[in-house]
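First chain written, first letter: the chains are A, B, C and D, and each begins at residue 1.
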Amino acid sequence: MAEDKTIDNYNEVLSRSGFIKLLNIEILELNETHAKGRMPFDAKYCNPGGSMHGGCLYSLADTVAGTLAYFKGFDVTTVEGSMNFLEPAINTEYIYCTAKLKRRGKHLVTCDVEITNDAGKLLDCGIYTFFRMSD
Amino acid sequence: MAEDKTIDNYNEVLSRSGFIKLLNIEILELNETHAKGRMPFDAKYCNPGGSMHGGCLYSLADTVAGTLAYFKGFDVTTVEGSMNFLEPAINTEYIYCTAKLKRRGKHLVTCDVEITNDAGKLLDCGIYTFFRMSD
Amino acid sequence: MAEDKTIDNYNEVLSRSGFIKLLNIEILELNETHAKGRMPFDAKYCNPGGSMHGGCLYSLADTVAGTLAYFKGFDVTTVEGSMNFLEPAINTEYIYCTAKLKRRGKHLVTCDVEITNDAGKLLDCGIYTFFRMSD
Amino acid sequence: MAEDKTIDNYNEVLSRSGFIKLLNIEILELNETHAKGRMPFDAKYCNPGGSMHGGCLYSLADTVAGTLAYFKGFDVTTVEGSMNFLEPAINTEYIYCTAKLKRRGKHLVTCDVEITNDAGKLLDCGIYTFFRMSD
């Protein structure tokens, strides 16, 4: 597990993103193979029907997995990310995302993600691929 | 092509979504097999590096393709959506998304999407699947 | 865990598929939330470069995840499946695929898959969505 | 459009793949931004239900898009490919796949694919990303 101080540093970098601030995304845990983050549930992040917009959930996952891909390394850019929406995100204070490293190569990093609610129920799952800007 | 009035109706429904308002997404064109929408480029939608956050672009695509899937039909929910990020979204006033219908089935609707900038340059492409809440 | 007899039954159904026979895919483990299968490594399944063709690995995953989706239920058809190719599939006697259930809904079933070699090294990962032909 | 002779060369390289021979895949058209290939419909490529196995269709698409990605360039490996299965592949002599270039970067190449039957009906669509082995 990275020290809290390191997580603060990562959150400070993320806070320079207007969009990540707009979504109030924060990283909670981070090490070489695992990252966890969350964002609050709020009506301003919802669909007309009152559940979180899929694009919000995708944004959370892209940010958490991207932070894992970037961990102590080169800057990264998302190559491709797919998300499967299993259950509506409603009736929760926060939405959590856990990213796990599947492979960290010289050029490419692949992570899978799971999105859960306060009760730990699985809402969404996906896989993201990042490119490391190493040259 | 649906009449402007119809597009206004669709935009009115979308405006009930806090998130779609937050992103200032609007539908410009809509008929049975095609939809086009846009959102403004703004620092508040960007990454630390200054390009639009991938989650923003995904949100735009999910909204435009979802409107096409929903066209004159049952309510829909996104089953799965994948996005390939080809070029950074920078130096543009608006980001445009065009969705094309690939198949409209009884239960499932599939659309592909292309995201472009003011100059019409292709920035991203993806495919979304929706489930029609018909029962 | 399903009894061996049940697995034999599933393998008997799969053997009616010309393509599954061509690939020599067999199911090894199966219960409500988990399935495992394998196919042999062979030059006839390879790329010009000598590693297994990605389409072979995708076929194995589609078959194992599809068997899990089908488990004791209605017939299923694949809606969408994506695969991330992490490492070349070489130097192994068998290729294994493990599928885990993410959600079994009334209409849709989602599974993730991992492909490994004899040594248990992760080679590929992906997510598949199936539609249950219940009406 | 590449000359027929060039296509023969590409088909000769592909024929060194046991799996591509097993599927009888051939490239019909190829230039810098477009490729088209086909494989015959045959019971040995089918599901228990009698339609082509999704893994077969994926293999065809991976091969045709991979040939486009490789065109006059460095060797490529598939990073990720997703396929959406829209209609069953039945009642056709051949299955055709058309791949279109979305972006050819220094390291990454992205193509979309459409699979059709003899009548030109769209059966499947997908997107593939390849990595160019340039260093």
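By our rule, a contact is a pair of C-beta atoms (placed from the backbone, for glycine too) under 8 Å apart; a residue touches a chain by one contact, two chains touch by 3 or more.
Predicted model only: the values in this text are computed from it and were never measured.
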{"item": "B-C compared against C-D, more contacting pairs", "value": "C-D"}
{"item": "Longest centre-to-centre distance from chain D, chain (CA-based)", "value": "A"}
{"item": "Distance between the centres, which are taken as Cα means, of chain C and chain A, whole angstrom", "value": "28"}
{"item": "Chain C-chain D separation of Cα centroids, rounded to whole Å", "value": "21"}
{"item": "Intercentroid distance (Cα basis), chain C paired with chain B, Å", "value": "33"}
{"item": "Residues of chain D touching at least two other chains", "value": "79-80, 82, 84, 127, 129"}
{"item": "Chain contact topology (line, ring, star, complete or other)", "value": "complete"}
{"item": "Sites on chain A touched by chain C in the complex", "value": "82, 84, 86-87, 102-103, 105, 110, 112, 122, 125-127, 129"}
{"item": "Complex contact set, residues of chain D against chain C", "value": "13-14, 16-23, 42-49, 52-56, 58-60, 62-63, 75, 77-85, 88"}
{"item": "Chain B contact footprint on chain C (complex, rising order)", "value": "79-80, 82, 107-108, 127, 129, 131"}
